[in-house]
Structure formats: structure tokens, C-alpha cells
Amino acid sequence: MTISYLIITAGIMSAIIYLVSKFNWKAGTILQTLTFLIIGYFLYHNGDYSSSQLAIFNNISLNFTYSYFNEIFLYLGISVMIIVSLFSIDGIKNYQYKPVYNFLTTLIFMSILGVFGAADFITLFIFWELMTWVSFFLISMGKKYSKKAALLFLFMSMIAAYLMITGIFLIDNAVGGITFSNLINNYGSISYSLKFKILMLFVLAGLIKGGVYPLHIWMRTSYSESPDSFTSILSGILMKFGFYLIYLIGLFFPVAFILKNNPSKLISELPSSTFFAYLAGISIIIGTIAAILQNDAKKLIAFSSVSHAGYILLAFTYGTSMAFAGGVTHILVHALTALGMFLSIGAVYFRTGTTKIDELGGLIKNMPLTFTTYLVSIISLAGIPPLFGFVSKWMIYQSLIINGSYFLAFAAFFGSIGSFMYVFRPLAGVFLGQRPKKFENVKEVPFFMKAGMLIVTILTVLFGVLPGLVLKPIISMQQSIGIEPIKASLYRLFSGLTTLDMLVVFTVFGAGFILALIIFLLFAKPTRVKQHEQYTAGEIVPELQTQPSIYHYAKNYYKPFSRIFDKFPSMEKLYKKGAEYLSSSFGVIEEFFYEESINGYIWLISITFLVIIAIRWF
Amino acid sequence: MYTKKLMEKIKNIIRGHSLFMLHYCTGCGAIELPPTMTSRFDMERLGIAPMATPRQADILLITGYLSAKTLRRVIYTYEQMQSPKWVVGFGSCTINGGIYYDSYSTINELDLYLPVDLYLAGCMPRPEAIINGFERLIEKIENGDADGWKHYKQNREWYKKNQKQALGDSLYTTR
Amino acid sequence: MILNIIFRGLILIFGAFLFQVALSGFSRKVVARIQKRYGPVFWQNFRDIFKFLFKETSISHGFIFDFGVLMAFGGTMATLIFLPYGSFEVIPGQTNFIVVIYLLAIGLLGMAMSAVGSANPNASIGISRALTQMLGYELPFLIVVLVMMYINKTSSIGGLVQSQIQNGWNLWSMPIGAGVSFVSVMGMLGKKPFDSPIAPAEIASGPLVEYSGKYLGILMLQHDFATVIEVGLFVNLFLGGGSNILIFAIKYIVVYILMVIISSFLPRFKVEESVKFFWKWGLSLAFLQAVISLGIYLI
Amino acid sequence: MEQKKVIEKISNEYGIKKIKFKKIENQQFKVKINKKEIINFLTYLKNIGFWQLSLITAVDWIDNNQFEIVYNLVSWELEQHIIVKTFIPRENPRITSIINIWPVAKYYEWDVNEYFGVVFDGNPNNGKELFLENWDDKPPMRKDFDPLNYSKEKFPEKEYKNFRMKRKREVIE
């Protein structure tokens, strides 16, 4: 079973799912989950490492491949989609256009298969664009300001697409073909300056999609305004497209990685990789600080994604085998944790109708499983040992330490410690603290949403204890693309500096916990008290319960910290100022760009495409 | 049986020598505490230290007159403390109202509302008297005589009745 | 083998308990003498801890309140295992610095979760301050340790101790870094200039405000174990550990008492002041040490 | 400004001739005024520079069967402190509120209302609780209120049977 057949199946199924959903949306969503499961199963069971073609016209065909270098991404995409789809069986109950939602997410699945399975750049581009357009419609199905967010998303994605298509044309010009194998064979014939141009175009496109500072501006609004289950896909997979592109282009243009362990070559070839590593460091710091200062839980996670995009970029551009493996692992870590965080915040939104941290509180009593998912995810995200997130961070740190990069290490540590601050805020504000009276009767989410969250939780713990499960395919990936593989067994990791044994860490932690439990149980049993029985300097509070936010400390949680950054500029405001200046200078163009409806914009895009095609073929 | 008694004795000795008192100063007698705590008289050598919250405290000091409005808070605070816990009445105001015996807003006798384990007479008691009083309290705790908290638990209704008489029916109780 | 490890782990935990609780009681005496007081007996802290453990009642604010305490206590005891003490290592070869630093964070996270789970705003304020301050003190310390690990080409604490046996103490080879780390460790311990998270007169002892009875006893134990880890890290990284456990203990006592003495005559920073202090002086000095050490190393 | 000049100014400018000023100190004087005039007079005083209201209080003249309401005003420009008094009957004591002139008067009036039972027309807090919790007797600052009696009734004392003995606790009914 090759990828091309799977993609065709997904395409056909999207129509069927749409029809079924029209009839009964729940059945449609279940069908969607089953479809994803079956496709995943076929890929796992029958998939042989091979290439395939899908002919469209006589001489134009889409090329696909399934091999070591992309299998881990394929499985990541499929599993994220399965989990989200499972979650959606109950989770999309409140959405307005359920059949369309199911249809579009199935198309997203198809584009995931296409992008990760592509064997030439045009195929990659086509599915990439499919994803952009489908995402555009999906984002605009969300909350109040989602139309505006979708427009910004589309605008940024379009820039990425233009950059990428230009890069593809340059490759085609230089080597006379756009398949990956063609590029590898004729790599030597490309001149240095052209290499630099192509690399820059692709990397910039990837950075926009990956949401690295200062190109992150679409993320905040798109994440917070889009429908909740789609946000999980957006951060779990679609954001990773950008890094897949960087990873891919890095394979062909060995500037970022030491492909054959030749550091001198790296330095002479291009200074850009250092530049991008530093950009990544800045991205980590800015994303962290911005995330700390947010009040909306989804916006907070969006900025945390900026920070973690920085980690991935740092690992990819850093240039050691360990860092590279750490980067790929971090993609998985971030996909899993972002999934867990967005699903649990989505579950909170499902029941309470808000994601503002200071309006919520004390939900752990009502939604224990949601809380557990969130807790495990944030522990993993912050990189605390027995869980998955520690593995990737450990690998990235090890490579930073080996090479003594102080600023980058500083940035990485800053992001890591800062992540305690921002991940703890929703935990404290949403799940812990005092529960307002109006949320007293909130229930735990329905079964399928629970199931989706449970899977994420279990996977995070499992991969943390046995990182070898994930590292094995990464090792074979490294072997296949010619990098010296890292050394790892099922639960052991070896760097040049030291050994990490996750099983020992986990066991010792478990033993410590059990010992603590024994000591705890030895002494007198505590009495449970109500939440308003507090030390309040003698004042009595039950009356205050009618005013929820008075006694729940969630507003301005890091006020002292934010005072340090009072006078710092914001990149988004800078762009906005620039845009205002431009729009006042170019009044005519403004009419196209700032049209309330998007017709004018689509018209503009079509014209641009026509012009590009005309230049190319005539 | 014997081991249980021995255990109880050990616990009492430990308790007696580690007394955390609550920083909830209700009356004018609180001014005598700073010299008692600091270099000159050094309460810490007896194992007595100030604590900021009733959850962590063992002793509730009522330092002087207690207005009815404060009594409500004091009762609430006392109920938030974890047993074993002790109440020390400080100055003559807590014994019989002192110079405020005819005030419309201060209570006359603390023992009706909270189980006082030790009174320190005087207006105000000097730090020497306070230290002396605390030594007496330690002695009582070691012997197991300071059992006001048990008494409060057993005769809750009687205390509640008195409290309600002084404060009206809207008294908030924790459990 | 496994039984041996369990046995040694228990010995370590019990020994650390006896040692550190007695030492912190002794440090109260030291502070008292600085303030011209007599001070309590040195076993006063045992009395305090056992008094709390023996309390007949205590209150709980729900599941997470208990779970967080256990996570903090368990995580801290687990971290204790991953540190070398002189020649004594519980699991040989398992002394990874990054594991220690991050496992230590589990204690803080558990404590933070539990404290905020009590739904007391004072506790939340304390936790928000503690996390903010953490962003201050960890960074300079980690930068200094990073330099050390880069130069010695190992990231295990045992390896760093070994290299100091050959090359002399890091205190002499990187004195600025040692000073920065010393102040950072004081921040970790919440000693005087950096005690705004617990500020008793201001936010009623912050995170600890709702803990009573055995919870408080357990958290006092947890704090003592965390002290052992943090001061032990400093001794291992800068004072060359020790050839046997006794020498280690002596170095430890010197460092700890020095910290107590320094903190006993300092007032309290506001939380943003302490973050600024660490970023302004701590980070710049740490980077200065990095440049100097790197220069010496490359030459 | 000197006190004489201020008094002269007030006597000349303010329409009523009858008002008598009495000097207390060099910078302090008092004036008694009719209840009906009080709003006009205070407004006038505020306009000529007495813009700080430092206190409103009351005195219970039980023999005359009157309440005296006292307004303390301070002027920092004129460097003078004026005490304006007015008398109202003790039965059904009512007077117009001045919260429109000084918003801060809300709390002073509330206080007087709670402790003397004087009703200030226009103040929204009449009859609400400010300092006293669950008060169930007549206002405590009135002269006919007996605090000792109240204290005995509300906060009784325990009788000790055997004071010298080591006090055993027992429930005393």
C-alpha cells in the first residue's frame, strides 16, 4: 500500500464523511476516526519503504515516497489526527458547521500525508497550499474575531508560499527537475550564491510557518480564535510543517548539519546557521516573556509555541548529531504536549465557555482528568525528568554544553525556567484556586474527549520512561540521511558527557514518592475542609463567593515580573505601525489589502499567479 | 497501654518545648511582646517563636481587651488552629474586663468564649511575668494539664451558646 | 544489588535528616548569638518537626493539596539519591547534573501546585513570587556550571568532582563564578535577602499559609532535604566534594553557616528587585567568568 | 488672614446679620447657626476657602432635649479653623445631608447616624452597619444609654465557687 493510494482514499473518504455528517454528525466523526485509524494501520502494516507516483496528466505526476527520513513525521501526523478526531466525536458538539468541519479536517489529514510523503517539491507545495486554504476556512469557523485572525494567517501563509514557490523555481532552473533525488544527484552543480538564495527562501518560509520570532505574529490570534480542536491540529502538526521544510532543505543543503562530520566545511560554507541559531535563542526568550504576560490560556500556549519553535530551530541549526536528534524529538514532544494542553483547555472551554484565566478557577474538583492531562503535559513541556519533555531538552543541552555556546545555553535555560512560570499560570488560575459559584455544577467532558486526552497522557508518560521507542526510528533516520547516529537504547541515552537512564530516574522518583506516602500515612488523618475556610486574618469570606474574582488570585499573576518589562516594545505593534504608515502612503493598494471582504485579495492572488505562470511558460 | 502512655508523655514533652504563637495582637498588651522576643529576654530559648498564620500556631495570645467585633474574628481564628492548641489570656482585661468593665463593646471574661489555659495578670504584665507565665504553661503542657482544646471540643454547645449571646445569631462556625 | 541500593538510599535519607535538621537548629543558635541572644538548643528543630508531625488534627484542602505535598517530598528525596557525598554514591555513576536540577524543580512544582490548590490568595502570591525569583537565581548559576562542564568535558557531578581532585578546587580556578553561585544558592534556599516568597509579616508566610500539622512537618523536612541538595551541589561543584563523607560534611557546615551568617544581617528584597539583582550583577558576572575561563582554557 | 478680617468678611458678605462668632484661639473660632441655614452657609464657606471638611460629629444635650451637630472646616489659605454648630430636636432627629457639598461627609454622617441615631436626609447609608456589628439596642452614644447595664447583660462574668483552688473546668449553667 503506497502513500498515493492512501491519499486517494483520504480524498474519497472526505466526501463520504461530509455526506454522512450531513446526515448525522456524530456518525461522520466516528467514521473519520476509523478512516484515520485504518489508513494508519495500512501504512504501518503494509507500508514498504518505496516511492510511488500519482499521475494527473500525461506528463505531470505527483511523486510520493515512504522511507526512513519521513516515516516518523508521517506517524506523528497520523497519530495526532487520530487523537484529535477521537476528541472531536464529542468535542465539536457546539460548532456551527459540523459536516464542513469534518470534511475540512479530513482534507487536512490528506494534506499531512501529502506534505510528509512528498518526493518532489511541487507535490509538497500543492499539499502545503491545500493545508493553508483549508486551515483558512477552519480558523474562520472559530470565535468572535476569527475572520480577522484567518486573514492574518492567510496573509502570512501566502508570503511563505511565495517564498517557497520562488525557491522551487530556482531549483528547477538550476538542476532541471524538482524531485528530491534529482536535486541530490545534481547538488554539486549549483553555485554557492544560488544555494544561499534557495536555502534562505525555504528557511524563511519554514520560519513563518513554524512561528519563529519575529515572524510569529499570526500565531497569537490564529491560536486563540480558531475552534479548539483545530487549534490542537494547528499547533500539533501544521506548525511542524515549517520545521519539516527546514529539516528537508537542510538534508539537501548541508549547511545546517554536519552531514559528514566536517566542521570546517560548515564554517566556511555559510554563516547563516549561526544567525538562525541566535534567532532561535531570541525567539525562545521573547516567546517566554510574552507567554508569561498573557491572560488568555490559549494565547499563552500560542506564545509558548513561539518559544518552543525556537528550541526546534536551535536544535536544527546547531549542527551536531545530538542536537539534530534532540530537535526531531522536540518536534514530537511539542506536538504531544501542545496537543495535551490545547485539548484540556478546549475541554474547559467546552464546559465553561471561556478561556480567560482570571474568570475561571478551582475546576480540578469538576474535571480531574482534564486537569491530569494538563498537568502531565506541562510537566513534559517544562522538561521535568520522568516525562518525555526532559529527553529532548537533555539532548539539546548536552550539545550546547559540549560546544560551550553560552548565549544559546542562556536562552535555552531561560526558556526552560520561564516555562515553569507560564505553564503554571493556567494550572493555578483555571484548575486550582477558588471556584466561582457559577462553575459549581460543571461536569467532566464526555467519554470520547476523555479518551483523546487519556491517550495523550499515557503516551507522554510512556515515551518519557522508555524514550528508546521514539529514538529508534530517529536513529534509523539519521543513518539513512548519513548523519552519525546518536547512541541510545530503550531507556538509556549516551552523550559525550554523560549517560542518562530514564528508567532509573523514574524508579527513584517512584520510590521517593512511595516513601513520602508511607511517612504521610503514618501520622494522624487530616480532615477535609471547604474551600472558603481560609486564613484571612480572621475575616470570614463565604459572602465573597458571589463575586468570583475577588478572592481568586489570578489577575496580573506576574505583576512584579511584568513591571520589569513595562517599557519594552512589541513586535506586533511595530508591524502594525509600519502597516499604518504604508497604508497611509499607498492609498490605492490599501483598497486591495484592507478590503472587508476577501474577494479583492483573492483576485489579487489570482493575478499574481497568472503573472508568475505567464512569465514561466511564455 | 503503658507504651501508649509513654508515647503520650513524649509527645507532650515535645509539644511543651516547641510553642509557636500566633501574631494576632488584639489589644494593647502586644507592645510587651517585642522586648520579650528580642535580645533582652529572648523567648526563643524556650522554643517559643512567632508564627504568621493560625494553621501553624499552637498558642493564641489574647493581648488585653477584646472588643466584641474582634472576638468574632478570634473565635474564627481559634477554630482554624490545629489541636493541641492553647489560649493565653494576657492582662486583667481578659480576666474581668479590666478598666473596660462597663464598655458596651468589649467583653468582660474571655473564659466564657474560649478555653483559656493560662492567665497573665497585670496591666500590662512585664516581660519577666510573661516568661514566667510561659514556663508555667510549658509545665502544664508537659504534665498534660493544659487541655483547654479538649474541653472546647467536648463542651462546644456551651461555648457556642455564650458566643451567640455576645455576638448575635449570625456567628459563623467552621464545622 | 538492588537491596543494597535501597539500603544505602534509606541510610542516606535518614543521615541527611539527622544531619541537616541538627545543623539548621544549630544555625538558629548562631543567628541568636549574632543578635546577642541565647538562642534555642540545637535539637530544637527536631522538636518543631515532630511537634507538627504529632499534631492530632490537620486540615486538607482536597486531593491536589495532599498530592502536591507528596510530590514535593518524594521528588526531593529522589533528588537526594543523585548526588555524590564525598565517596558515598547511592547508585554509582548516576550523578547527572541536569537531572538533579530538573528533579529539584519537581519539588517546587509539587509544592506550588499544592499551595495554590489550597485556594488561599496569600499562597498564590507567594508562589508567583517564588517562580518569578526562580527565573532570577537559576540563570547565573547554570551559566557558571555550564562553563565548568564545558571545560571539564563532563556533565556528571561525580566527573566534576574527579576533575577537581586532579586540578584543584573550582573555587580557586573560577572565583567570580563561585561567588555568583554562592549568592544563587542563597536565593534557592530562600535565605534573607531573597525571602520575599515567604515574607511572614507581609503575606503570612506565603505558600505555607494553609499547611498545618503533619503537612507542615513534611514540608519542613522537604525544605531541609532541599537544603542538603543545594548546598551539597555547591560543595561538590566548587569545593571539590570530599575524599570521604566526613570532609564533605565539614565543608558543607562551613558553607551553610556562612550563608546563615550573611543572611542574618540583611533585609529583604522586593521580588522584582531580586530578579533585577540577579540579572544585573549575577548574569553579568557569570558571563564575565565565562569569558575569562574560556580564554584561559583556549590559551 | 487674621481672624477678625475673616469674621468681618463673613458677616458682611453672608446675608444674615444675627450670627455670632466666638473666638476660641487665634486660628480657631466657632459659630452657631440655624438648621435651615446650614446648607447655604456651608456652601458659602466652601466658596470663600474653607474647602476641607475635617469632621462631623454630634453632642447629646439630654437636659435641653437637643442634639448638637458640629461641622469642623479648615481653610489652608485663610489659615483658619471654623466650627459650625447647629441644634436639632432630640425626638425624631433629622437634618439634611451635605454629601453634595463634600462627598466625604458620607462616612462622617454614617458614623453619627450609627452612634446617635440622627437621620441625614439624602445620605444613602442611613441605618446601615458601619462599626457596630449586629447592634440591637439604642444608639450607644446617647446619654440615656446605660453601658454598664448593657455590658452586664451581654457580657456576663463567671462566678467562681472556689477561687483559690486549682481551677477545674466544668460547665457552668
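Each chain carries a letter (A, B, C and D) given by its place in the written order, and its residues are counted from 1.
FYI, contacts are C-beta pairs under 8 Å (C-beta built on N, C-alpha and C of every residue); 3 or more make two chains touch, one makes a residue touch a chain.
This structure is a prediction, so every number in the text was calculated from the model and none was measured.
Enquirer: Looking at A-C and B-C, which pair shares more C-beta contacts?
Expert: Counting C-beta pairs in contact for A-C and B-C gives the edge to A-C.
Enquirer: For chain C and chain D, what's the span in angstrom between their mean Cα positions?
Expert: So the centroids are 59 Å from each other.
Enquirer: Could you work out how far the Cα centre of chain B sits from that of chain C, in whole Å?
Expert: Measuring from centre to centre gives 36 Å for this pair.
Enquirer: From the C-alpha centre of chain A to that of chain D, how far is it in Å?
Expert: Computed value for the inter-centroid distance: 68 Å.
Enquirer: At least two partner chains per residue is the criterion; list those residues in chain D.
Expert: Nothing qualifies.
Enquirer: Give me the residues of chain C that touch two or more other chains.
Expert: As it turns out, chain C has residues touching two or more other chains at 54-59, 204, 209-210, 213.
Enquirer: For chain A, write out the residues touching at least two other chains, lowest number first.
Expert: Each of 527, 529, 533, 535, 537 in chain A touches at least two other chains.
Enquirer: In graph terms, with chains as vertices and touches as edges, which category applies: line, ring, star, complete, or other?
Expert: Shape of the chain contacts: other, as it matches none of the listed patterns.
Enquirer: Going by the contact rule set out above, which residues of chain C touch chain B in the complex?
Expert: 28, 32, 35-40, 44, 47-48, 50-51, 54-59, 200-201, 204-205, 208-213, 216
Enquirer: In their shared complex, at which residues does chain B touch chain D?
Expert: 68-69, 72, 96-97, 101-109, 111-112, 115, 148, 151, 155, 158, 165-168, 170
Enquirer: For the complex, give me every residue of chain A touching chain C.
Expert: So the residues of chain A in touch with chain C come to 362, 364-365, 368, 371, 375, 379, 382-385, 390, 394, 397-398, 400-404, 406, 409-410, 413-414, 417-418, 420-421, 424, 427-428, 432-435, 495-501, 504-505, 508-509, 511-517, 519-520, 523-524, 526-529, 531, 533-535, 537, 551-554, 557-558, 560-561, 563-564.
Enquirer: Show which residues of chain B lie in contact with chain A when the two form their complex.
Expert: Checking each residue of chain B against chain A gives 24, 53-55, 70, 72-74, 76-77, 80, 172, 174-175.
Enquirer: Which of the residues in chain B end up touching chain C in this complex?
Expert: Interface residues on the chain B side: 11, 14-15, 17-18, 20, 23, 38-39, 42, 44-47, 51-53, 55-56, 58, 82-84.
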